[in-house]
Each structure stands twice: as C-alpha cells, then as structure tokens.
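To keep things simple, chains are lettered A, B, C, D and E as they appear, and every chain counts its residues starting from 1.
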C-alpha cells in the first residue's frame, strides 16, 4: 500500500498534484504569516506593538481576520458584470499556484522539474494583470476602472526590465532552469549572482516590487487617489483572495530573486530549504521596510523610472553580460 | 455608462456648473472624490472631470459639515459662544479662541494683563506646531507614506500633554477668556515646554532626513501646483499658502496684535509657489514657532493671568469690531456687530481655509489626479473650518 | 484518428470560429479577437505538423513563434487604429465606418 | 547638464537609503504607545473630565453649592439642571416665589433685581444633574461659580452604552464618593 | 498514459470550443475576450501535449500576458458614448448576416477538414522535445533574416502605434 502510494507520488503527475496541494497549504499559511509580519513590521517601525490582543502578542490575529473575511457577506455592486466580478479573484489566485511549482527550495524539494521554470513563472505571473483588469472592469466602479488601467500600464511596462534582468542571469548560467541557476551559485558567498550581477539584482528587485504592486509603486490601489483601486468593491473572502494572491506573488518574486541572485539554498550548517526560506523572507522584509518608509511615486514618474532608467540599464547589462559570456567562451 | 452618470447628476445642484460641458465626448469621466474619500480629510466633495488621468475641471463642493457657527453666535450670549471657537478649526483651536476673545476685548476695551498675553502666545504657538505636525503627517499619508504621521503624533503627544496641563483638554480648547486666560501656568508647564522645545529641535533633522530630502517626495512636490502671488491675492489666500508664493504676509507682522511686535521671528517664504514651497514654509515655521515660544518663556512676566475686575456680565456697547489673528492656515478674522444686547447681533467668521480651498479649482486644472491630491493636501484644509 | 488529424481538426475549429466571428462581428475589437483565434489555429496546425510529421521541427516552432510576434505587432497597430477611429468618428462599429471619408 | 542630473539622481537614491536608515533605527527602538488595559496614561492629574460637586469643608455628604443658578445660566449647551427646595417657615412661605429661593449672598441675574429675602432661608439641593452628552467641557461653569462648588473630575474612563449613562447625577456621585472615601480611609477627611 | 493524453486532449478541446464560442458569440466584448483567453489556454495545453512546452509558455506569455491585455485596453478606450460600455452596438443581428457568417466560417473549415480526413499524412510518434538551444541556433543561423524582419515589423508597429496615439492627443 505504502509502496504503491510512494510510486504514485514519485510519478511526475503525482508529484505535481502533491506539490500543488502542498503549495496551496503553504500559500494560506504564508498569507496569514505575512499579514501578521507586515503589521508587526509596520508597528515596530511606527513604534507601536502592532496586533497584540488576540492571542499572545497577537499571534492569533490572522485567524481572527480570516474568520472575519470568510464570514462576511459577498456583495456585488449594482450594474456589475457578475461573471467577470466573481471570476477575477480566481483568475488572480490560480496562476500563483502554478508559479510556485518550479521554485527550487532545495536541489530535490521542488514542485516540478521543468527546464523552463523561469519562463513558466514569467508567463503565469503575467496573468495577474488580467485579473486586475477583470476586477476593475467588472466592478462597474470608476475607481476600480482607473486602478485597473494603472495596473495594466504598470505591469506591462515593468515586465520588460524584469525580463531583461532575468535574461542576463540566464545568459550567464546558460539555463532557464531555476534549480540549475541556483545550483550554479553554491560555491560560497562569492559565487552568488548578487555579486556577479548587482545591477541585474537591483533592477529585478525594483521591477518585482512594481509587479507586485507594492509601495512605493502601489498605484493601482493608491488609497488617497483611488480609494482602493481595483478591489474597491470587493468584500469578504473575495478581497481576501486578492490579498492572498498579492502576498503569494511577493513570495514568488522574492523566491525567484533568491534562486537567481542569492544562491538559492546555499548556506552553512542548516539544511538548504531553511536557507532558501530565510533569504526569501529577508527580501520580503525589505519590501515591507520600503513600504513603511517611502511615499508613493506618481504615475508618470513610475513609467519614467522604468523607461528612462531600468530598461536602458537592463539592456546595457544584458549586452555586457552577453559580450562577456561570449568572450569567456 | 457615462450617460447613466449624466442622468444621475442632473438633479444635483452642485454639478450644475459642469452644466452643458458635462456632455461626455467619450473621453472624459466625471468622478466624485468624496464626501467620503481618503484624500479629503473630512467630508469635502470634489467633483472632477477626468481625461484619462488628467483633470479637466475640479469643483470643490462644500457644506457637508456646515454647523451654522455664525448663526449660533446670534443665539448665545457673548460668553457662551466661547466653546464654539474650539470647534471651528479643531487643529488650531487656540487661534480661533484668540480671534474671538480679542474681538470682544477690543469692542469692550478690556485690557489684558501682560502675563496672559505671554501665556497666549506660548500656547497659541504650541498649538500651531501641533497643527503643522498633523498637516505634515496627513499630507504624507496622502502621498502614500504611512509612517511619518505616527512620528508626528509622537511629538504631538508631548504638546498635547503640555497644553492639557493648562487647558485641561487635548484638542478643542476653550482656554482664553475675555481679559486673560482661564488658568495660570505653573513651573511644571514652563519646565516641560522648555524640555519639549529642546527635544523637538533634535527631532526636526530626522524629519528632514526621512521625508523632506526624500527624492520621491521631492518628485511629488516640486513644480506642482504653482501658485503665483497674483493668483493668491486674487483668491485671498493667506497663511503658508500665500507665503509659499513669496508674499511675506503674516498677520503677526502686518497688523501686530498682542505682543508679537516685541518678539523676534522671521517669516519664511517660498520662491516658486509650488507645493514644495508651501511644504518648506510650514517646516520652517516650526522652527520659528520654537523661537517664539523660547522668547516668550524667557520674558514671561509675573502677575495676574486674567484681568482682576471683570464685569459680572459681558454686555459690550453698541458697535462693530473686526479682529484678525494668524492661524496655522492663515488669517483668521472675526467680525462682531453688537446692538448692546446680551448676545451678538451678527457674527462673521473669516476662515482662511475657505479662500485657500477656492484656489483648488484653478490649481488642479490640467494636472494629474495624483498631483491634485498632492495640491489638495498642500493647502492644509480643515473642512469644518471651511464649512463653519 | 491519428493525433495529427486530431490537432489539425482543433486548428480547423479555430479557423472556422475565427472566420465566423470576423464576418458576424461588427465592432473592430470583436474582429480583432476573431483574427487572434484564426492565428492561434494557424500556430496550432504549424506546430502539430512539425512535431508529428517528418517536417523540420525547428522550422515549425520558429514559424509559430514568428506568428506570435506578428500577432503582438498587429494587436498594437490595430489598437492604435481602433483608437483613432473611435476618436474621429465616435464609434468602432465597422458598419458605420464603411464610408470613405478623408 | 546631464552629469549634474545624474549626480542629482544618485543623491536622490542616497536620500532613499537615509530614509531607510531612519525607519530602521526606529524599528529597533521600544514602543511609545501605552497599552491601555495593562498600562494607563500618567497625565490624568491635569485631565478635566465632566464636572463634579465639591463637598462642604465640614461635611463630605453635603455639597458646597449655594444654588445661585449661575452655572445653569452660563452653560452654553444647557446641560446642567438643578432642583432644590427650601425648609423652615420662611422657606415654605417663599415656595411660591422662586426668586426668594435663590441665594441672596451672590448677585445672580435671577436675583439681582430682587430685594434680599426677609429671613435666612435654608435651601436644600434636591438634585444636581449633568447631561454629559451635551457638555462641551468649556469650564465656564467652574470659572463662574462664586464658591468653587464645582470642579472637574478625573473620570477619564467613562464609557457607556446608552444615552442615559451620560446623564449624571452629581449629587449621588458626591455621596458615593464620600462613602467610598470613608470606607477606604475612615480617618482621612474627604480630599481631592 | 495514452488514455491520459486523450483525456487531456478532450479537456483542451472543450476549452477551445467553449472559449471560441464565447469569443465569437458574446455581445459583451470583455466576456468575448475572456473566451479568447480560454481558447489560448486550450491551445497552450495542446502545445504541452505535443511536448513543446516552450511554445506553450510563449503562447501564455505573449498572447495571454500581452495581446489580450492590449485588446482589453482597446475595449476600455473605445467605449462609445451612446451604447453600454464594451457591448457591440446596434440591435439584434439580422438572421441573414448570421447565416452568411456561419457559411463563411463553415465552408472553408469543412473543405479543409475533408482534405485532412481523407488525405492526412502518416502521423509519426512524437519526436523528443526540442532543446531550446537548437531553436536559438536556428533563429540566429539560417533564419536570422526572418528574425530581424520580425523585429523590424515590431518596431514599425510600435512606432506606428505611438504616432497614431500622438495624433489622438493632439486632436483632443
């Protein structure tokens, strides 16, 4: 029985299904943990305790929030396109699950061994834009529509520098397989790509923040301009799903950055997956730190940063990398 | 969709100015910012017509928290109207206190003891710091920075504690009385105020490092919402909004009241008149407030805190009076008309926010939505004060 | 049926739907959607032929890639044209845009 | 020109790092907030809550109030209401003329025009109620009281779920305060 | 395994059918776009089935990530003043039009289907997955001209779109 089960699990399809289930659990836990962490970081930066009352040090606060979100009534506004309105949260959360598949937590611990892992993540993370569009359009709300328009322009623009920086690393390693790229940086700190490709790392991280709509690039949900942007009209768990998707994308971006630039599972003493998680969460902490420090940029400035700085720099970096790779060969 | 909106708006008096031009040409979007909106700090409604993200027209709509303060003045006795003043502008309540008290004192010819004058200056300037700090935090909140407002509140807390010691309240003060102030200050107050001044001087560089020098903030503020001195005059703008445009008009200097002519302080002005200049003027005013408080504390005379023999009932003679003070938002004017009865015949309050807000429609034209939020924030509006 | 036929039939379905949409749709954007359907059918047929017949695998996949690139370019251009049309005549309805005017 | 722009941009990036340093520094500093159920703020000594009656120096159970009605009159929001009666022969006789019931020692707008009563009338305060939901805490009543019979309470933690819970019976409050003071420290005369 | 592949094919075919149906029939253009996206996913799935994962991922990356978003923009920006947003204008479609359209779609498809069903070449077993490097070598080797042409076309399209867009703003 167990042998059969093991065999089933070791089958690629079985492995994938197991991985998908595990990823969903991970996403849920992660969403709650990150939400708690974000509040605590915000609290400490603002010299207050953050959530404190529910459970010891407010540890149960995420559960209380989840309970609240689940029990709230789901309301679709009058005149909304019901189909699009309800489908949008699903469209936003479903691709993230796939995005987790090729992330190598260790040489063995990965959802799916695919040699195009990087491409897979890039392809499916683009779907988030679509979800925001549908949400914005389906809500029959002007704020939502403006938020959606901003979201599209922003993510389409920032996808380019993101791709450029990723490509530079892919050129250097000669693979689109995240595990292979991570494995190429396991010869100690100096082999990490963050030291080899610092510019690409910076570009990737900035674009990643923009792609996940985090402050200071959180224009699609700029609350002082558009109240809540594309999710103005969402209540209850539908909002919760958007929220979950946003935090999961954060993890994906940071995990990819870890695999690409920070040596993946490389690290002494502790087993690889812990190092991978530690690096990922360190990057997430940096994102939170940014959020609670900086004002929001304006829309044209956002695009200027992308077109005038990130894309030229990314291109230059890419060309230089290609030249050096060719020369070394 | 747009037609639908049109038919829904036609019944609305306030959208009438949008009138025939409200006809959509397929490109514009009429958007209501407010009355419940995170950027309007209170119940202000701004009807904006958007072309993409650009604002074609913006029309502020007032009256959502009109409480008839002026009319209330006509049904209350002269003394009873005092607590209303703290509620007109809850952020700089003491300036409004002062404006009304000063007007009645002028009308009745009541002399204020010097100690009371100094106490008024100290408390009023502390209150001004308080108001500017809240503006600072709220403005940055508008721009998407969440943390500064809590740092500002940490400092505000000290001021509120200090003011609570003498006034007993923390926000809507009713402290000044005809002929003085309601309670004397003690040594503890003076000690803590000096402490605060020293502490706050150390905090200001942190503010600068965290926010003022931040390139994102500068990008959001510089060359945005440029207000020419001519336009500021045309709309009757006062306070930091006017001074940001380079006009060094401050009631404390132009029509000195109380003991301000004896104090040494500068009037910071801007050059370009953009949002950044208004920001810098307010930040520079924090320094000046500290200077004034220090000087006043040094020179605080002894004596009574309130005129010793005041009449039992305040019945001013027939006549009219206008008295203006400098509030955190600009010139606060109180006009009183007395018919010799126990109640004012007419009370007119000139609130600086009203004039400053009226600028917005013209300033916001042609800007991005995000810039309009920035401009709206830079005017430092307190909606209850505008509606009165 | 052989896999090749199956894939080709799917591609044909797309072609049929695309043609139907192209003729029945009235708005320019709707027509664009139909064109994309047909392009997809073409890509599917190309890749299927390349993978399942002796034809060059690389060539088929490259061809499809180029079609995708072209589709992106075409979508950009059509978007701009639709915008101009909508701006100038206030409609993106192909029936009402049929008149030739300068 | 472009070099200058570049330099400016680098300086701008530096400013972002400085901002991060500031918030990072604050991150590791202790909290500033006071945790209410576990801690309480310390500045309540200067807090001015709703008004309360001051007891007479000799008897903690009777208020110092002389029932001159000045506080009732000056209150801008009319939140104070007062009821009293007079005892003694003169008091009963004066019951028909409310003006006589007012304190003669102080000039009040109600009593100013009246001649002082022929005999000293003993006035007894029946109730002194404050509708706290109307009060604007201006302190005019405390200031005008000729005998300092009203003061601000330190009751900062007043909460209620109904409108009635803010209609305070200050006389009852005075009595309960006296009782609790006696219960807590019998030797201590009722103080602040 | 064979059955699994057939089941997957069926699933993708259903996706394609349903999506294409929605794409050509839905009056609401955003829903039609949603149908198109379903179809795109179905086609991507078929690429996966043919062991061409690179094509599948490029399909999602380019079509779903870029082209459909562009179309969404087109829908959003061409809201006509009179009609409901994103709806096809005009009243009911005339029956003649529908029949003609049906004919124009069915006829070529039917002819080609007949050809395929009768004259289909032998289907070979699936070739091994094409390594990505080979594609790249082909693109920069024998087909470099096509590659460059595509980039020129893309550039021209972008420039054209920008020019057209600018004209729009001027007239506004």
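Assume a contact is a pair of C-beta atoms (placed from the backbone, for glycine too) under 8 Å apart; a residue touches a chain by one contact, two chains touch by 3 or more.
Please read all numbers here as calculations on a predicted model, not as lab measurements.
**Student:** Could you name the chain whose CA centroid falls nearest to the centroid of all protein CA atoms?
**Tutor:** When every chain is reduced to its C-alpha mean, the one closest to the whole-protein mean is A.
**Student:** With chain centres set to the mean of the C-alpha atoms, which chain is at the far end from chain A?
**Tutor:** Greatest centre separation from chain A goes to chain D.
**Student:** Once every inter-chain C-beta contact is counted, which two chains account for the most?
**Tutor:** Per chain pair, the contact count peaks at C-E.
**Student:** In angstrom, rounded to a whole number, how far apart do the mean CA points of chain A and chain E lie?
**Tutor:** Roughly 28 Å, centre to centre.
**Student:** If you average the CA atoms of chain D and of chain E, how many Å lie between those two points?
**Tutor:** That pair's centroid distance is 75 Å.
**Student:** How many angstrom lie between the CA centroids of chain C and chain E, rounded to a whole number?
**Tutor:** Going by mean C-alpha positions, chain C sits 6 Å from chain E.
**Student:** Between chain A and chain B, what is the gap in Å from one C-alpha centre to the other?
**Tutor:** Centres of chain A and chain B (C-alpha means) sit 43 Å apart.
**Student:** Among the residues of chain D, which are close enough to touch at least two other chains?
**Tutor:** Correct list: 16, 19, 22-23, 26, 32.
**Student:** Which chain B residues sit where two or more other chains touch them?
**Tutor:** Those would be 1, 26-27, 147, 151, 154, 210-211, 214, 216.
**Student:** Identify all positions of chain A at which a residue touches two or more other chains, and write them in rising order.
**Tutor:** Residues 45-48, 292-294.
**Student:** Which of the residues in chain A come into contact with chain D in the complex?
**Tutor:** Going through chain A, the ones touching chain D are 41, 43-49, 52, 289-290, 292-294.
**Student:** Residue numbers of chain D touching chain B in their complex, please.
**Tutor:** 9, 11-13, 15-16, 18-19, 21-23, 26, 32, 43, 46-48, 74-77, 107, 109, 136-140, 143, 152
**Student:** Using the touch rule from the top, collect the residues of chain C that touch chain E in their complex.
**Tutor:** Against chain E, chain C makes touches at 2-10, 12-30, 32-34, 36-37, 40, 43-44, 47-48, 51-54, 57-59, 61-62, 64-66, 68-84, 86-88, 90-93, 95.
**Student:** For chain E, which residues count as touching chain A in their complex?
**Tutor:** 4, 28, 30-31, 34, 37, 53-54, 57-58, 60-61, 64-66, 68-69, 72-73, 76, 86, 132
**Student:** For chain A, which residues count as touching chain B in their complex?
**Tutor:** Its residues touching chain B are 42, 45-48, 140, 142-143, 146, 150, 215-216, 218-219, 222-227, 291-301.
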